[in-house]
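In this document, chain identifiers A, B, C and D correspond to the written order of the chains, with residue numbering beginning at 1 in each.
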Amino acid sequence: MPRKGKAAVYDAPNQPFRVREYPVRDVKSGEVLVRVTMKTICRSDIHSYQGHRPNPCPGILGHEIIGLIDQIGVDVPDDMRGEALAPGDRITWTEYFHDGPSYYKDVHDMPQKAEGVRKYGHDLAEEDPHFLGGFAEYCYLQPGTGIVKLPAELSDAEATPLNCGIATMMAVVEATEVTEGDRVVVQGLGLLGLYGCAIAKARGAAIVIGLDVVPQRLAMAKRFGADHVLDITGIPAQEQIAAVRAFCPPDGADAAIEVCGVPTAVPTGVRMLRTGGRYTIGGLVNPDANFTVDGNDLLKRWITLRGVHNYHPRHLVEALDFVMANRNRFPFADIVDAVFSLDQLDDAFRKASEREVLRAAIVP
Amino acid sequence: MPRKGKAAVYDAPNQPFRVREYPVRDVKSGEVLVRVTMKTICRSDIHSYQGHRPNPCPGILGHEIIGLIDQIGVDVPDDMRGEALAPGDRITWTEYFHDGPSYYKDVHDMPQKAEGVRKYGHDLAEEDPHFLGGFAEYCYLQPGTGIVKLPAELSDAEATPLNCGIATMMAVVEATEVTEGDRVVVQGLGLLGLYGCAIAKARGAAIVIGLDVVPQRLAMAKRFGADHVLDITGIPAQEQIAAVRAFCPPDGADAAIEVCGVPTAVPTGVRMLRTGGRYTIGGLVNPDANFTVDGNDLLKRWITLRGVHNYHPRHLVEALDFVMANRNRFPFADIVDAVFSLDQLDDAFRKASEREVLRAAIVP
Amino acid sequence: MPRKGKAAVYDAPNQPFRVREYPVRDVKSGEVLVRVTMKTICRSDIHSYQGHRPNPCPGILGHEIIGLIDQIGVDVPDDMRGEALAPGDRITWTEYFHDGPSYYKDVHDMPQKAEGVRKYGHDLAEEDPHFLGGFAEYCYLQPGTGIVKLPAELSDAEATPLNCGIATMMAVVEATEVTEGDRVVVQGLGLLGLYGCAIAKARGAAIVIGLDVVPQRLAMAKRFGADHVLDITGIPAQEQIAAVRAFCPPDGADAAIEVCGVPTAVPTGVRMLRTGGRYTIGGLVNPDANFTVDGNDLLKRWITLRGVHNYHPRHLVEALDFVMANRNRFPFADIVDAVFSLDQLDDAFRKASEREVLRAAIVP
Amino acid sequence: MPRKGKAAVYDAPNQPFRVREYPVRDVKSGEVLVRVTMKTICRSDIHSYQGHRPNPCPGILGHEIIGLIDQIGVDVPDDMRGEALAPGDRITWTEYFHDGPSYYKDVHDMPQKAEGVRKYGHDLAEEDPHFLGGFAEYCYLQPGTGIVKLPAELSDAEATPLNCGIATMMAVVEATEVTEGDRVVVQGLGLLGLYGCAIAKARGAAIVIGLDVVPQRLAMAKRFGADHVLDITGIPAQEQIAAVRAFCPPDGADAAIEVCGVPTAVPTGVRMLRTGGRYTIGGLVNPDANFTVDGNDLLKRWITLRGVHNYHPRHLVEALDFVMANRNRFPFADIVDAVFSLDQLDDAFRKASEREVLRAAIVP
């Protein structure tokens, strides 16, 4: 008798999810069928759900997913660490997939920018293989997905954000060239900012300074490695700059990272830097994020400004290494602070969108 | 009526090649069928032919190949530059292919070291698709091959060595971090050494010093960018070092490249370097290439010693760019100094192995 | 009898230079006395002369200077290449000097940004040692100046711009990470732009595209390595971008360099780049050079934007290497297209400021 | 009345130290007079003392020194962090000094390799300023010394090794390019090895594996960040390699560091690496440290082998940052496990040379 699986389907923006069943077929060559054990709601899922950006309907949202291998197709290689995969293995995987050659992948080692790259959580649910998103019982991993086996000691709550927030911040902090002894500013202490603080510390930053306007986030950032936090509610840019510079003698911070989504934070953050400082834009994910800077200041002070979006498959491997090496140092498990069932997805999205919870997890 | 194509088959080491016919079938998904227009005999083909290293028999040797696209399978992407491919296009391609994920490819961006990577010219001729080497009328490009279209103005003789010697040396000189103003030593002025001189100059080297024992090579190196050449026949290491250092005040060369295949050249070359100098091993392709160095000297002088083998697909793109940008500066076309037909392959191999010719080309 | 030397003194903005005599004393420890043989008028000299930026009066302008060593103080070390200095040697030197430890010099290897760094051509002429600028018969090099001996075959006209325009562009093109095969845009084809084109080619750029509005500059750029030049007079940004992209398939240029001094060129140039492209601001030397960019575009396309100002002493060594290695490739000597005597300095400044000449040289 | 100060003078190898007095004069321009508060005995002091390497006699050994500023000469700049210096400040400083331009300093940013660089603890005690070593009450810091102020919360025992072992290992681990997620082997767990383990962890290494033959060192390494330690007493190279590789699936360690002083450790360590791995020689400080490697293996596996000796002044700043940021993570204070007075120096040297103590400190 053919198998079936449940999915919470997104029919239209701002409409309740509807739980439906779809057929679960045998894997094709190159595919891996996963029985999902946990998924978390990402801010971008909320953007899609609220209709702020187009997503195919009806569809299955969600890309922060982990699960157990149910079935493995022929020609499925080892995981990215070179470990053989077998049914029952608990795995995470890149939130995107791309198979075959590509200009950006082959020439510039940027598979995340390959033409035709696809992302989990962005397909029509009505078409085979139906299960390509997180809010469902199953997910079919497609050829060109980077898979990593999860160590047994890592909890589901620690593991689920790996393939989105943590891997992205591995790329962001790497691009910022944070190294031993650096003084690093993190503008915005949402999930990305918390991971940013922790990763900067893990790479040897001497001082991490976190900026936000939400007291709970500031408190959480101290637990995620921030040495100093500043509540910038109502604080003019000039005073923010002075406050950061007071922590970074003689001439400012070595690096700053934008993960607050506010374009004007960029020129403010740039002025927190010393000559030769590096600035990375990691949070301006919405279009028309215009800001104005003084090119003469960039020139005279040898500032480097860089944008980073998505991540390379190796960053997922590094994300796992980072969490495993720092589990006792930073409270990764506390990020997931609410758990819901698939039937409670409406409630979970509401609470996540209203920021009542930090990271909402869904379990079967 | 089914098509057939000819191939010069290698049955056993040191035996004459035998020209046979194999069926030419329609391409499968991901394959490209190429009608070969030119191939050249690489030193490694000669090593296989002479039995110095194992190669499947009967087989079709040769990996330095160019040709015209005959047929393109479904799912074949654009070339690595993002240009659409069509029948009739003249192309070159990576000498190796690998499809699907891999630890070295995905995590370390070293597709050339992916587990299971295969190389053209290393398969049994009796099995489908038969044509996977150069000394034949056709070649089936497999999924995971990096393809680049060739500009019309580039002659076949200029284009054929791109995917082996030139691309390899792009990797070697890049790993040597040769940059504007460097003084660079090239030990060995065979084909790799000639390209090494030219690429070093093209990257801005101020002075390139070439070392060899063959007068014709020394003369050719001057045409390929060497500012100084030294005939080291019978010259003790200490004198070679002094001669190079005289060209590189105040304290030696910035970089040196080994492409002579002689292990003892390494410690000699290292002593030609200034403190902080870089040394790349590019020619020790045979096993047990032992050499002895003084680790205290490496330590005190901050020497970097690095091995490089094969190349990344992007190096093939860069190789083409390099030749196109420097065609009037270096006599690339003169590298191929003898042309043979497929029937004359025995003669071509003999002349190539006895170094009567610099690079023997085979045309249909 | 004490020696005296002449200088063309700058008394106030827009006033005629007055030739006066000052005493020439014996060198102190660490000083080198140079008999100036040529100096050229830099655009920044004109800015000072016209009163657009403050400069001590009465003073001796000019920092692009070469000359013959007249006297060497005790404790003067070898030149930066490690060659001993002697009276009679013809030399160039860094346009700035700084002696002793400094945060930026010692910790960040940015001596050009050391606190208290001083520049030749920016001191009062009435105070000892009087001769610290170019438009005079002598110049006293101070401790902390990087000196390089000039090869005999290099003409004065080729050598004089080394320590300003060429060394600066060595730093700019290096920061742009221009390498083998790159497609590079240069916005602005004044002196810096011409050198930028040539250096990009010398580092292996496959295609250099120069943009300007002055036909003579566009023509000159072709001689300095530009493969394509675009007269952008009246051309909207969108069309400039399309024109550049047509030369750079499949997705734009690898790098772009701003040396036109126009802030709005930056967002235009950024959109000429491929994903992962690098942009360097090298010409926005005047304050308040504001421009507006879309941070979301920088983020999605992984753009790197970097400012560069002045240069490291090693760039002067590299500048000399670059010119020596490329003298037959680019017409460096043609840059200096008018020669004046010290008495004709007013005329020289007028012609230079009105761009009647490309680079005006002054000889004793 | 003129001041005098005591010093434990080294008259000849293996002779008892003799405590003598020398005059303490006012500082000259650029000098800083320091009242020494602690110094530690470095392994290289023992080598000098035992006559294994030449050192001027009579002299004052010792370069691992901290102290309080007694007097500051004119023209002494701020410390390397840009903080003003004043009498009474507790400071550390680079173990070497070099003033003025130099080829290696100015062109290659390697001041530690400048021609004529001098090291504290390597001068004749009979000549002015007498106090240029550690085992004395005073030390005259010379122009060209990089100085850093010490934070009050850092104990003398934590601070004294900064300018030798810790700063050196900052350079070694940086050259090894250790980054987030790396698996790192440290061969030799003496003082350098302990710091190497800790710095590798602080830079984000996922797994650090320490090798030694002394059980106490293996135990100490676990406290300094080693995840795994291997007692290699009597273990053949092949088994060491297998043991390390078992910790580093799928194909070996990312990096290895030699700080054991045994040349044959190098080829063994190289075979512990994955393709593309990095190996740094940090401990082969004695001449004729010959080892033999297979260049073909280096080539095929893209191995990088690098020597590192001494450090850049910025590494001292980074060393301080590292210790301040990781004081609660690693037991730096426990390194100094025995304290002696200047009069007990013979006893201290004996215990240090017989490895009865890990790091012997001398206090006034």
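Just so it is clear, a residue touches a chain if its C-beta (ideal position, glycine included) is under 8 Å from a C-beta of that chain, and two chains touch if they have at least 3 such contacts.
The shown structure was predicted, so the numbers you read here are calculated from the model rather than taken from an experiment.
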| item | value |
| --- | --- |
| For chain B and chain C, chains touching each | A, D |
| A-C compared against C-D, more contacting pairs | A-C |
| Whole-Å gap between the CA centroids of chain A and chain C | 44 |
| Distance from the mean Cα position of chain D to that of chain C, given in whole angstrom | 41 |
| Chain A residues counted as touching two or more neighbouring chains | 78, 81-82, 103, 108, 250-251, 317 |
| Chain C-touching residues of chain B, taken from the complex the two chains share | 78, 81-83, 170, 174, 179-181, 199, 201-207, 249-251, 317-318, 321-322, 324-325 |
| Residue numbers on chain D that touch chain C, as the complex places them | 30, 75, 77-78, 80-82, 100-103, 106-109, 115, 143-147, 313-314, 317 |
| For the chain B and chain D complex, residues of the former touching the latter | 103-104, 108, 110, 113, 175, 250-251, 258, 263, 266, 274-276, 281-282, 284-309 |
